[in-house]
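The data blocks that follow each hold one structure.
You will see subunit A twice below: alongside subunit B first, and alongside subunit C after that.
Entry: the complex of A and B
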């Protein structure tokens, strides 16, 4: 156990200190994106992994957060960061609208509703001119002050994202041990059984979705802060939702560290292939992602976390 | 007059929606699995029609059965290779398997054919039928009528034949069906085959009057979802009535509100249906 603590301390120092040593902007950029992806996948994981309620339209919350930030700047002249809470409130409202009716039903109704809702929002935003229509919204071109949180280097964003990720991990770890976490896992195991044991099923799922939606919207807001641009596709597009699902499922849905492992594998892979082959416009990215999703669900529904567990059990058996 | 025209157009498209949704509802009712790749099956069938017309120069009398056959095969293969292994697994695996499959199909076609829209030559089933000022394109008329007949045939097959009874027996209780000597695996594979073939015929028919693109399944799968939810899951007559209703609603809303908003209306209707009457308008609670 001591060895494991040491490992965590070393990893923690590495995660915090490496930007002071390595100065490549590409690596710093990828690292910031990686942490951001870990945030949204961890947020998805709360309702999708722990609760087994598979959202395939989580981009609706991400987009709400991103639009909140940039609409506050474009329409009111606020610093984008002041618009993030607006985005989170919008995301919570959407969560209630989608979750309340579908959580009374079996799981796949929720999944279907998430696809419909995200498409609905994407089309709506493409037609609403106050929110930029299909052109999208821009952040401040040049920082007007520190409050705009507009930096040239990706490093400040990296640390900002890291702080949010740490907060989310603390919340998730707390949830794992709390009544909510036990309720959620009971629901994932079997809704009817959970209900018969007195678990308030609808309320539990809704609370989990709202926590998840809030953090996903926060991730969207942070994305908008860093990139300074959002349009219907980069906010509510299919790829945004797919990435959250695949990162969590690859690392291990319903585990604390799974989404982090998934992000650490997928994001560098994606960024380097994009850099090599020039953009993701060919559809090849989606084919690979789809194939990974199919293979995981067919052979390893628990993701890498399950694989590690299987291997360690085998190793222990061999040792004994 | 315009109203009659819009409703007729809507009914004809609605019949095709009914057929493609029947495929979804059959699979859903049989084994409680939602095929998130259903729209991509339709898309695949549209490309089968396109390739058949451009390379073999055959007409709809041949390419519609061809699309049905190809998609039947796809459905059976998907069942044995994928669904059989995930259907009793966790919900996550069930949903993600067909969703991932849909992504692969959609973007593999995107890769091969690029995002460009293609369409069948409109002389294939050209011409317009005029009755009392009502103008009906032959292509839509053909699609609507064939779809209507096939949906009815599917319903009769399920309710009036021994094969249909075996299918419904497996749907009702897998174990009990095994006790009376029905092997569930071939029945469920058959359900996937038929379900995919419905999407196949629907796709080949839609291709007669609609553009073809790799992403076309996106909106079609949502239309199938709302149809099945309104009609009550597992019910072919429900899918028929709901499909016709959606066709008319779509046609009216694109005329009165604007074509850009017709999807918003349909998806909004879906979310509303989930709020108000999730068991479907004709479904039992």
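Entry: the complex of A and C
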């Protein structure tokens, strides 16, 4: 146990202090994106991992958050950060409207319904002119003041994202030990058995989806703050949803650290393939995602968390 | 009267799986539900537990009408069940499975854990508490289902063939467990094929055939009833006298 604590302290110091040493903008940018992806994937993990409700439509919450931030600027002239709560409220509304009817579906049917919902929203949005229609929305080109949270360097964003990620991990860790976490895992284990033990299935799923949607929207808002641009594809696109699922599944869905591990592997990989082959989020990225999906589902359905568990069990057996 | 079911009818398409069955139950009883395969006892049982909604009839449990209530409402009222084919949460630890049940009356994790450990001790699963439920065999899974149901602190427990597929030694252990549950003040309905189990456990047996209750009473008397023998074996074949 002592050794493990030491490992966490060293990792913590590394995570907090490396930008003071390394000054390359590319690596700083990748690090900020990595933490952001870890936030989305951890948020997805609450309902998709612990609850086993594999949503492939979480971009609807991400997009809502991002649009909330930039619509507040474009339409009202507020600093984007003031629009983030609006985006979160919109995401919570969407969660209830989409969750209540789709939670009656199970397994792949639920996943397909979430895809349909997010695509519908994307197409609707492409026709709403106050939200920029298919052109999208821009943030302030030049910061009007500190409240715009517009920085040249990715480092301030990195620390901001890190704080949000820490909050989300605390919420998830609390949930894991609470009744909500047990009920979610029971629902994943089988709804019939869960209901016979008095688990209110729909209410539990809905609460989990709302927590999940709120944090995903927050991630979307933070993305909009940093990038300063959002359009239907980068907010509500299918790849945004798929990315959350892959990151969580790669690291280990339904575990606290899985999405972080997944993000730490996938985001640098994605950014390097983008840099090597050109294009952003097209071509090579899809190939990488496809390969990861195939490999995980064939060899390691529990993700890297399962691998670590298998190895530690083996090591303990060898020691015994 | 703890449970009163009257005129229960359950249709599957045009097939009347349960056709006007009645059952009433006093607190503290052990009632055996028996009958040949396809007699409708499992369907009736599922209607009682809220997993199937009867097409007609009325079910009153502990003063509340539960005829059309959801399974989770049944659990809240104190009516728990196990499944013929166990539906444990395979990826969760044995203790965590039981905690899911315990959370119904103990919303705080620490209290739920205490309750779960007490039930695990009682059901003889304490040694496997940290193992994943998926690693248990059939016997262990059936036992875990009973433990989970007990953790919801029911006043009535419905056991659906909890003893099927066990060997003689295991059956004896299970019978002792059921007696222990009864001694804790839990009323029980057991669906069972093995007649010896009904004979040694039940104070009253209710026999189903073709969706109807054809006999009810003391187990020993019931199994000697002509109609019951006929339902199981067909009409007595009279050997021609030479």
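Basically, the second predicted complex is superposed on the first by the 313 of 320 C-alpha atoms of A that agree within 3 Å, B and C clash if a C-alpha of one lies under 4 Å from a C-alpha of the other, contacts with A are read in each partner's own complex, and residues count from 1 in each chain.
Convention: a contact is a pair of C-beta atoms (placed from the backbone, for glycine too) under 8 Å apart; a residue touches a chain by one contact, two chains touch by 3 or more.
Bear in mind that the values here come from a model prediction, so they are computed numbers and not experimental data.
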Which superposed partner A:188 touches (first subunit B, second subunit C, both, neither): both
First (subunit B), second (subunit C), both or neither touched by A:179: second
Partner chain(s) touched by A:196 [first = subunit B, second = subunit C, both, neither]: second
Touched partner set for A:296, first subunit B, second subunit C, both or neither: first
Superposed model, subunit A: greater residue contact from subunit B or subunit C: B
First, second, both or neither for A:284, with subunit B first and subunit C second: first
Footprint overlap on subunit A, where subunit B in one structure and subunit C in the other make contact: 188
Touch list for subunit A against partner subunit B, complex: 48-49, 52-54, 56, 97-98, 100-102, 104-109, 111-113, 115-117, 119-120, 123-124, 127, 188, 242, 245, 249, 253, 282-287, 289-294, 296-298, 301
In the complex, subunit A residues that touch subunit C: 177-179, 182-183, 185-186, 188-190, 192-201
Of all residues in subunit B, those that touch subunit A in their complex: 32, 34, 36, 82, 85-86, 89-97, 99-108, 110-111, 214, 218-219, 221-222, 225-226, 229, 260-261, 263-264, 267-268, 270-271, 274-275, 278
Complex interface listing, subunit C residues touching subunit A: 49, 51, 70-72, 74-76, 80-81, 83, 87-92, 96-97, 99-101, 103-104, 107, 109, 112, 148-149, 151-152
